[in-house]
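Shared between the two complexes below is chain A, which has chain B as its partner in the first and chain C in the second.
Our next item is the complex of A and B:
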């Protein structure tokens, strides 16, 4: 069986001179979480864009469940998007401010009417009931269904974004700094929730963050990106092994 | 020799004013805080805890709808909370400076950095343009920037880290006795943030200026500061020497905050010890943290939390050590047998 996500030697440049990614290769297995660590400008977000099919690599290949995402166009590309969903850093920016919460949550399901997630098969009723079931999944009560995003706290909004990301039962959930804009106590809640969902639903994660402690908590394996190159890749348990790249060691030395 | 404090906040309360002029709601209540020269004091708290309002009150930058209802703020022994706007403006930049989170917002977008720096210098002191230029470049070099290039750049031509270094230079070059750094590294990635904080603590030691570091990032506060205070719902929950707070947190909120962070090394728990509820859950009376506190007792709902003193390690919790029963015994016990599960 091929790995769920296979990224093979992708390269990407913007303009003529700026090389953002060079020969980046990694894999994510089914149900696995890969943590991706890197400074601002290291190319983390470009990797996200390429995996989501929002942009095409200049070179290299990207496979999701054996399907070459970088070659897809039009309908096929759109169709493949349901397999990979994303949760961004700023939950306020990922929810439409004029849409009630329940509409935001079921919007992906409206776009892909053929998708029937396993965890929603025994929900009877209409879309509001589906939305309520999804909110329940992320620990939110149904009293939030008719609210607007600005009536929710940052942590609640991020939970809604996660519910939305899960609604299509994707194979891969890309979490791009999902907790950096949240308070410490809420960060812990969201990290626990993400881990719980991963274990229950068997979804694979690409967990991108510059919080190395959070990456260590979430990930099975960790990859370190510097100036567009993956310079270190290892099992999370080997973070402190003496073979680590000097740059990786810098990350573990910095905090208190 | 005992130094005189740079900043002394005592019993500070800030409230929201209605259109009619009456006070509606307290946002910050009974804050005590003392900073000595060369000291870095960390102020930790979640959204809505009142840490930025406290900073604004010191800087005299409270929005019109807010006002100081009680308490006083002394800067180098002078009461500054009742000064007229013009006098406050003279203090800002010169005696106290501020570094904000949003580095882009600290500079006017369409004027070159050099122009903005020299202008700030000349606004406070009579000096020639040439002199101002020399001082600006000298400070840009001290924050390890290519001085000439940055001097001739527009803000948008610099990265976030470079801009934050520039704000650091801008605030230090006036040799203020107090710098308020309000989440100065939140917008930066970890490695850049470390460099900025390294610079700040290095230059602070040299200039003997006091720094109030406001942050929701416990890690950097624990690592960098000499003393720290924890705020929740507008009240101080705990205050003390950082090493002591870290080793021996007294307030349940502090304890839980310390445990909620995933550990960088050592044993990794399967789930984090999250604090239940939302940061916005604040009790109107009694202890503000009571709605989220698993140790809350009947008394917490009615009795106001005890005040936190500014000098020693103290907490506002009525039951200073909820895990160990009675508070007096807890204080008396030695540090050793109260090894807190913080890594």
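Our next item is the complex of A and C:
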């Protein structure tokens, strides 16, 4: 059985000269969380875009459950999106300011009427009820359903974004720095929520962050990205092992 | 600015329309003016039940009276009735022009902004070409080539005006399309149609409204000017610009023949410009509040 996500030697440049990614390869197994650490500008967000199919790699291949998603176009690409969902960094930017919360949350389910997530099978009623169940899943009350994003706190908005990310019951959830625009006290709540959901629903995460403590808390394995190359990959427990790459060690010594 | 207005300006816009209006005396004046004109255009025939086309040479150039509230023109026609009837012509044509322009311009802008690449490049070259000619000259040329009539006048205005809407919408789409909520919607499996009409188009509503409010004034002026030049409404049809032209030979002896239609044009254009200004202020304020709540 192929791994859930397999990324093989992908490269990406913008313009003629700027090489953002060079031969990056990694895998994520079912139910596993891979933490991806790197400074800003190291190519983390480009990896997100490529895996989500928002951009095509210049070279290399990306497989989701054995399907070559980098070759998909049009309808096939749209349908492959059911399996990989995303939570972006800034929840204020990732929710349409002019849509009520419940509309944002159920939109993916509205787009794929054929998807019936296991955790929503006993919900009866229309889209609002589905939205309420999804919000409940991330610890939000149904009184938020009719609000607009700017009437919610940052942490609440990020929970809404997580609810939307989970709504299709994807196999993989890409979390692109999901806590770095939040207050410190809220960060811990969001991390706990993500960890609980992973254990309950058995989905895999690609957890991208520059916060090594958050990555260590969330991940089974950690990969370190520097200047577009993966320089180190190891089990989370081996973070402090003396075999680590000097760059990784530097990272663990200086609190970010 | 007095204290009450300051207070109203500083209150959040979410409280509704009342705050909008009291915070914007100009918007209020503009809307009131427009309301009066609409009322006159729709019900004015009750006040002066004269046929705007009926010629009565015995009654020419009369002063205002109960029967003719603003007097009669050089052919003995009731000026008030002609103004009212002209209001319907002018405002009706303007509304049709603006609707047509939006129906063409907004989808074009959405398409070009979202598709980018070659389609967008082709469109921009076309627009650059059209913009290289002063729009009024272009309208005159079109109206001149196709022959003077109201229909051709509308066509020539539409030909020039759709560009503005396409460009505004295209700009908004290009600014928004890489934002995270659009990416999230794409990842969520939204089809292009939904992205365009549910997520992108609503972001363009405010700038399009402001543009439209200003354009009403400009379109009225264009229609009146071209009618004045004889390229639009043809006699004896009552249209404000054409009425101005009709009254020109009598300017020395009966200046009111030009004064009334001129004042009507000025007031309506003023009303729409006030509304445009007011709307721009209100919508800008709202954007700022959205940016940093609390």
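Please note the rule applied: the second predicted complex is superposed on the first by the 255 of 256 C-alpha atoms of A that agree within 3 Å, B and C clash if a C-alpha of one lies under 4 Å from a C-alpha of the other, contacts with A are read in each partner's own complex, and residues count from 1 in each chain.
In this text, a contact is a pair of C-beta atoms (placed from the backbone, for glycine too) under 8 Å apart; a residue touches a chain by one contact, two chains touch by 3 or more.
This one's a predicted model, so the numbers in the text were calculated from it and none came from an experiment.
Colleague: Touch check for A:81: first (chain B), second (chain C), both, or neither?
Modeller: second
Colleague: For A:122 in the superposed arrangement: first (chain B), second (chain C), both or neither?
Modeller: neither
Colleague: Going by the contact rule set out at the top, does A:252 touch chain B (first), chain C (second), both, or neither?
Modeller: first
Colleague: Let me test your reading of the model: by the given contact rule, A:155 touches which partner, first (chain B), second (chain C), both or neither?
Modeller: Touch partner of A:155: chain B, not chain C.
Colleague: What is the contact status of A:97 with respect to chain B (first) and chain C (second): first, second, both, or neither?
Modeller: second
Colleague: Please work out whether A:111 is in contact with chain B alone, chain C alone, both, or neither, and reply first, second, both or neither.
Modeller: Only chain C is touched by A:111; chain B is not.
Colleague: So in the superposed three-chain picture, is A:17 touching just chain B, just chain C, both, or none of them (first/second/both/neither)?
Modeller: A:17: touches no partner chain.
Colleague: Considering each complex separately, which residues of chain A are in contact with chain B in the first and with chain C in the second?
Modeller: Touching chain B in the first complex and chain C in the second, no residue of chain A appears in both lists.
Colleague: Would you mind writing out the residues of chain A in touch with chain B in their complex?
Modeller: Chain A residues touching chain B: 39-41, 153-156, 183-189, 191-192, 195-196, 210-214, 216-217, 239-240, 250-252, 254-256.
Colleague: Residues of chain A touching chain C in their complex?
Modeller: 52-54, 78-79, 81-82, 84-86, 88-90, 93-99, 107-108, 111-112, 150-151, 161, 164, 168
Colleague: Show me the residue ranges of chain C that touch chain A in the complex, using the header's touch definition.
Modeller: 179-181, 183-191, 194, 198-199, 202-203, 290, 293
Colleague: Mind listing the chain B positions that touch chain A in their complex?
Modeller: Chain B reaches chain A through residues 46-47, 159-161, 188-192, 194, 216-220, 222-223, 256-257, 260-265, 268, 270-275, 278-280.
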